[in-house]
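There are two complexes below, and they share chain A, which is joined by chain B in the first and by chain C in the second.
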Partner chain A sequence: MISRDDKVSGLMVFFLISASQIGVGYLGFQSIINKYAGHDAWISIIIAGIGISIIIWTMYQMLKNDEQGDIIAIHQLTYGKWIGNFLTLIFTIYLLLMATVVLRTYIEIVQVWMFPHLKVWAMLLLLLPLIYYTISDQFRIVVGVCFLGIVYPFFLNLTLFFPLNYADITYILPIMDHTITEIMQSSSLAVLNFMGISALLVFYPFIQESHKSQKYAHYGNFYTTGLYLAVCLIAYVFYNQSELEEVIWATLGLWKIIEMPFMERFEFFGIATLFFTILSNVVLFMWASARVIHRTFGVAHKKAAVVLLIILFIACVIFSGREGVNILNDTAGKIGLVLLFIYIPVLFVINFIRRKVRKDVS
Partner chain B sequence: MYLKYVVFFVFLITSLLFNVQMPTKVIDMIQMITVVGYDATEQDTLRGTVVAPKYLPQGKVEDFIYTDTADTVYENRVKLNAKATERLLSGKLKVVFYNRELAERGIKNFVEFMRRDPSIGGKVYLAVTEGSTLELINSVQTSKGRGMFFTDLFEHNIKHGNLPQTNLKEFESDWQSETTDPILPMFSIENKKPELQSIALFDGDKYVDKLPIKDADVFKLLYENVSDGSFQHKNDKYYISIENVESDKDVAFEAKKESGEVTVNLQVRGVIREFTGRKPTNRLPAIEKDIQKDLTQKAEKLIKRFQELNIDPLGIEGDVKSSNRNYDKQHFKEVYPEMPISVNVDARLTETGTRR
Partner chain C sequence: MNKKTSQKRVQRDFDKLLHELKKKDGFLYYNLNHDNGTIHLGYLKTAVDPEKLEKYILPRMQEYMYKDLTELKDHIPFTKTELLDNPGQNEIHEKLVKGFVFIYMENVSPSYLLIPLPLDEKRQVTIPEVEFSVVGPKEAFVEDIDTNLNLIRKRLAIPELSVKKLKVGTITKTEVAVVSIDGIADEENVNTAVQRIKDVEIDQVIDSSFIQQTIADNKNSPFPQLLDTERSDRIAAVLAEGKVAIFVDGSPHVLLGPTTLIEFFSAFEDYFLNWMTASAFRMIRLIAVFFSILVTPLYVAILTHHFEIVPQTLLVTLVHSRTQVPFPPVMEAIILEFTIELLREAGARLPTKIGQTIGIVGGIVIGTAAVEAGLTSNVLLIVIALAALGSFTTPVYKMSNTIRLIRFPLLIISHVYGLIGLTVAIAYIMVHLLRLTSLGRPFFAPIFPFRPQDFKDALIRLPFSKQNKRPFQVRPSKVKRPVANENDK
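Let's look at the complex of A and B:
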């Protein structure tokens, strides 16, 4: 049983959900989602946001029914102990993969924009103790980091006004020039930037009066959608579509136009500040996977954390270069899409039937 | 219990030890390039000239100028480094010149390196020179350094003069978009001093024609919304100068007949600064009418010229594309040279200065 001291208030769900969603995708999703819908791709952000809201609702419907309500309990109830634990293990691997993607992509950005000679493993040695410190003890520390991960980089949103001087509204006109199918196809790509919410399946029991926290989860998702929409629209009036095809990190590219008397390149400052966003992301996923291992196999939480951090370290070192990072991102994206939009609804239905059957038996 | 602290410090020290070897760029041991010039030479190679300032104790700036030939920008950099006392870096790059011959061949390969480099910002000014860029750079006489000299020259001409907004970002957008052709300012040497002489018109990344800067006032009105411009009007009866000009541009497209019809609506407001007639206050509507007629004529002539050259620096295609769902690129390209484009000017003189 989780003690009352370990729990956090429902409001924190807002920060947890947003912090889990806003990751490295934020820096360059604009040139990925426009593959099908071109200049109308910003509409698909809204559609993806609504889709994610539905998934959050589904998750809450499942989680509400159980005192212990987390993915492990649901899996065990639905599939029995063995298959359930096996699926939980796959879920852990997915969480670990997400953490790897975020951390490795961030280090790549540091390599490209700031320190080309940075050694990945040496950088990781600095970060791992920090991550371990955050995830090894109470959940409250993770929540604190997530809170800062939203609040601290918030002022970066103000810098989005600078590129507006160079905006050309004709780049996104006429609106709805693409078919609904194309926009939906783009939405399936946009969803990748919202994927982190699967961590909700793990931290749910740590929330006070958790069943009442659903509205905060939706607010958090709403905030993320709004932020993505703003960044996307600004990038789409700043770049034209053929320019976007060549840009890797569109959001970072927006900062290239900012020049201040005391600061020649704003990116350095921006990338450093974004570390808070990245940290909250990695920490949340790592904590969740350690927690799942602890709950499933009974391994001590701290030991699980150490083992997982070693795996994280190795995974980050193995994938190198633009190509390696791209493979990571694509794989995580595909798995995440299947998990969120196919596996979770299916799980919801099976779980629902299973519960009805149980009730009738007893 | 202490194990974790030991591990932490071991991690920290190893990490720092191995990252200490990272190459550093100490400010006293590098030269920051501010101005670059590229000239076409006889073969397929180019001559690159770079300017790196050195700040002297008395608040003065001394410019080091290096020049050599090579095939690519960075091959050139290697040769220049062989001449420089300190390493040359481009993080502070402000102005890049291309000579006309190179611009005629196309400059995309010499813009590309700037877009790829994260240390170069989007506000770099690009320009074409009539003669050799080396001569132009050498002709500057200034105590604030050539980088500052050119940056200031560009800046005030963009803000208050006839030069439209231009920099690396704008050039890149126009050149990459399939709808607009870029423009760049063009310099020449007049009386041994550099002078902003005209606006270079491009077709894709290739220079095709130029427009004298003194006639560029109408071009600027057509190109963007002006916030502080000026223009002159002359006729048989009087000369007049309008300052503090603000303008709004709006392009309307009507899908008529084969090609459709484009109307450019211009709203211009300004203040009289110089007037050779008498008492303009009584005759404001008549003067406004004269100006309107003059501006319309000039603008239509300018657009006609662009159509003859088959270039679109004003981005009319972009406006058509954004307001027409049946837009077809192929079709537009065919009809563009013959497309009827009319200009509608609404000029208003809001003040006459301190005299009636």
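Let's look at the complex of A and C:
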């Protein structure tokens, strides 16, 4: 059983959800989601946000009705022990993939913008002990990192006012110039930046009075949606669509024009500060996957963490260069889309029927 | 008949004891004839206050009328005198060392009278030197635990003040007192403190820092996890908040816990000033700490890897000041930091007056000469001097040491990995602080676990009318607290 000391208050769900969502995507999703909807892609962010809120509701409906209330228990109840554990294992791989995507993309950014000759393994040797140090103790340490990962980089949002000096509102006019299908297609791309919420399926039992925490989860999602919307709109009034096609990291480009008497090239500080958000992202996924392994196979949490970190290291080294990072992102996006919008609703329905049947039998 | 044989045994034992004691250095022994038999008196010269002995004991023994020791005891104006019949040799030895005088009377029962006359060598209560404040009370603790407890009892003259005394140290058997206020402090905190002190396995406790280190939650952390203070007013105030204080005999510093990181940066003077001034000063102190930790590593990181960050006009100044310097920024910074540490260490080891001179010589002469010789740039000299100054604003000495210490690893990592390395290093410190606890309570509160109600006395200090709840950090049994101006609300 999870001790009372290890649980965190319901308010923390807000930070956990936001921290699990906001990651490297923040730096450059603008030029990815406009593939179908063009300058109307900001609408697809709202749609994606609403979609995610529905998924959060679905997850809570499943979690609430279970005593232990996590993915392992739900899987075992729904599919029985063997198939359930097998699916849980796939879920772990997905969590691990998410961590790899975030970490590897961040290292890619560091390589491109700050240290072109930085070796991936050298950076990892610096980061992996830190991740281990965070996830090997109580869950509240992970929550603390997530909390600070949202609060501390908050000031970065203020810097987005600088580019507004050069904004041209006509870039996003006329509104709704694209078809609903195009906007929905863009939404499916935007979902990659919201995907982290699947960690909720693991950390749910660590929340005090967890069934009452649903509103905070939605607030967290709203915060993320609002933030993305703001960043996206600012980028779309700053760049025109043809420029956006050439920009890979649009937010970094926005930072580039900030000038202060004592500082230029703000993106260096932006990338460094964003590390706290990246860290919270990665530690949450790594903690969740170690926890799942621990729950499913009874391996000690610390040992599971070590093994998973080694896998993370190897995965990050294998996918090298811009192409590797792109492959990672695309794969994770597709898997995440399937997981969140197809698998979770299906699981919900099967789980619902299964519980009904069981209740009738007993 | 029976009585007589037992008297004989007592007499025999005494003769043996006397024979042993006479071999001891500094043992003084007198005897005196009395109507009922000889009276023997003995003590250790160095342990006993001779003035008291001559003034109160010796005259009364000769002049007063008494039949046996019970009557004599009534004439002697000391508490904690003991009447014993036939104590073992060991007990007598132990008592003598502690400053007792024994009086043995032949043929009576009880036959021993032990009078405590220890030589009290106490320092006077003086003004606080480490945590000096311009306004407010000026009483500092001294080495004697009873005096210290008395200082607190004077301020908190309430029956709820609970003092739990323990003995620590296999050799020193030092008296340690865990003090708290019943009904306000959380039982669990008190029990944690008592239990940890009981579990300490150490042969000597010379100072409260021995206890501080042995009962720390994480012994391998550069951060002190219990606050030590020499101010009696501070201890009284935190006891009223529901915290636990640990007094150690022989130490003028009293420990308090559970504490938080931010508490280390709040000077007690903050409570004597108007809340706005106090909050401003506290903010300045916190900024000074961040500045002190970050500014030199930032200098190294930026000048080594990312000089693009610096605007052109500023870059000209920086480059110009560095043209003569043959070292990379990190070496330059380490040399200067090391010099500052040398000056501080030399100043701390020398008597005050010479220490001041050293400071001036070091600061002005070495600094100017180093710049003129082209060993360092004058921009860095300013930066490092300010950083050192910033670290000295921390009111708790042990914390300011920690701050200076963690700068060095940051310097090196900034040299190797630039800004990213610095950020990762800060993340390490952050995670470490998140993991730390003080008496089992989170050390990084109220920031995390996020407790908005505790921010009234953290980064800023709100007026007393807003301090109507005791900090949640210590889980006080009574949360509500009477407010200064209830009508103001």
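Going forward, the second predicted complex is superposed on the first by the 362 of 362 C-alpha atoms of A that agree within 3 Å, B and C clash if a C-alpha of one lies under 4 Å from a C-alpha of the other, contacts with A are read in each partner's own complex, and residues count from 1 in each chain.
One rule holds in what follows: contacts are C-beta pairs under 8 Å (C-beta built on N, C-alpha and C of every residue); 3 or more make two chains touch, one makes a residue touch a chain.
Just so it is clear, the structure is predicted and the values come from calculations on it, not from any experiment.
Which term applies to chain B and chain C once both are placed on chain A by superposition, clash or fit?
fit
Scan A:147 for contacts with chain B and chain C and give back first, second, both or neither.
second
Touch test for A:315: chain B only (first), chain C only (second), both, or neither?
neither
Output check: A:128 vs chain B and chain C. Expected answer is one of first, second, both, neither. What do you get?
first
If you stack the two complexes on chain A, which partner ends up touching A:265: first (chain B), second (chain C), both, or neither?
both
Does chain B (first) or chain C (second) touch A:112, or do both, or does neither?
A:112 sits against chain B, while chain C stays out of touch.
Is A:256 touching anything from chain B or chain C once the two structures are fitted on A? First, second, both or neither.
A:256: touches chain B, not chain C.
Once both structures sit on chain A, report the angle chain B, chain A, chain C from C-alpha centres, rounded to the nearest 10 degrees.
100
Going by the contact rule set out at the top, does A:8 touch chain B (first), chain C (second), both, or neither?
Second partner only.
Please indicate which partner A:276 is in contact with in the superposed arrangement: first for chain B, second for chain C, both, or neither.
After superposition on chain A, A:276 lies in contact with chain C alone.
In the overlaid three-chain picture, find the nearest pair of C-alpha atoms across chain B and chain C and give that distance in Å.
5
Does any part of chain A touch chain B in one structure and chain C in the other, and if so which residues?
115, 123, 126, 259, 264-265
For the complex, which residues does chain A have touching chain B?
Interface residues on the chain A side: 112-113, 115, 117-119, 122-123, 125-126, 128-129, 132, 166, 168-171, 173-174, 177, 239-240, 242-243, 246, 256-257, 259, 264-265, 267.
Can you check the complex and tell me which residues of chain B touch chain A?
Chain B reaches chain A through residues 4, 7-8, 11-12, 14-15, 18-19, 22-23, 91-92, 115, 118-119, 121-123, 169-170, 172-173, 176-179, 315, 318-319, 321-325.
In their complex, what parts of chain A are in touch with chain C?
So the residues of chain A in touch with chain C come to 8-9, 11-12, 110, 114-115, 123, 126-127, 130, 133-134, 137, 140-141, 143-145, 147-148, 259-265, 268-269, 271-273, 275-276, 279.
Quick one: which bits of chain C touch chain A in the complex? Just the residue numbers, please.
For this pair, the touching residues of chain C are 305-306, 308-311, 314, 417-424, 427-428, 430-432, 434-435, 442, 444, 447-450.
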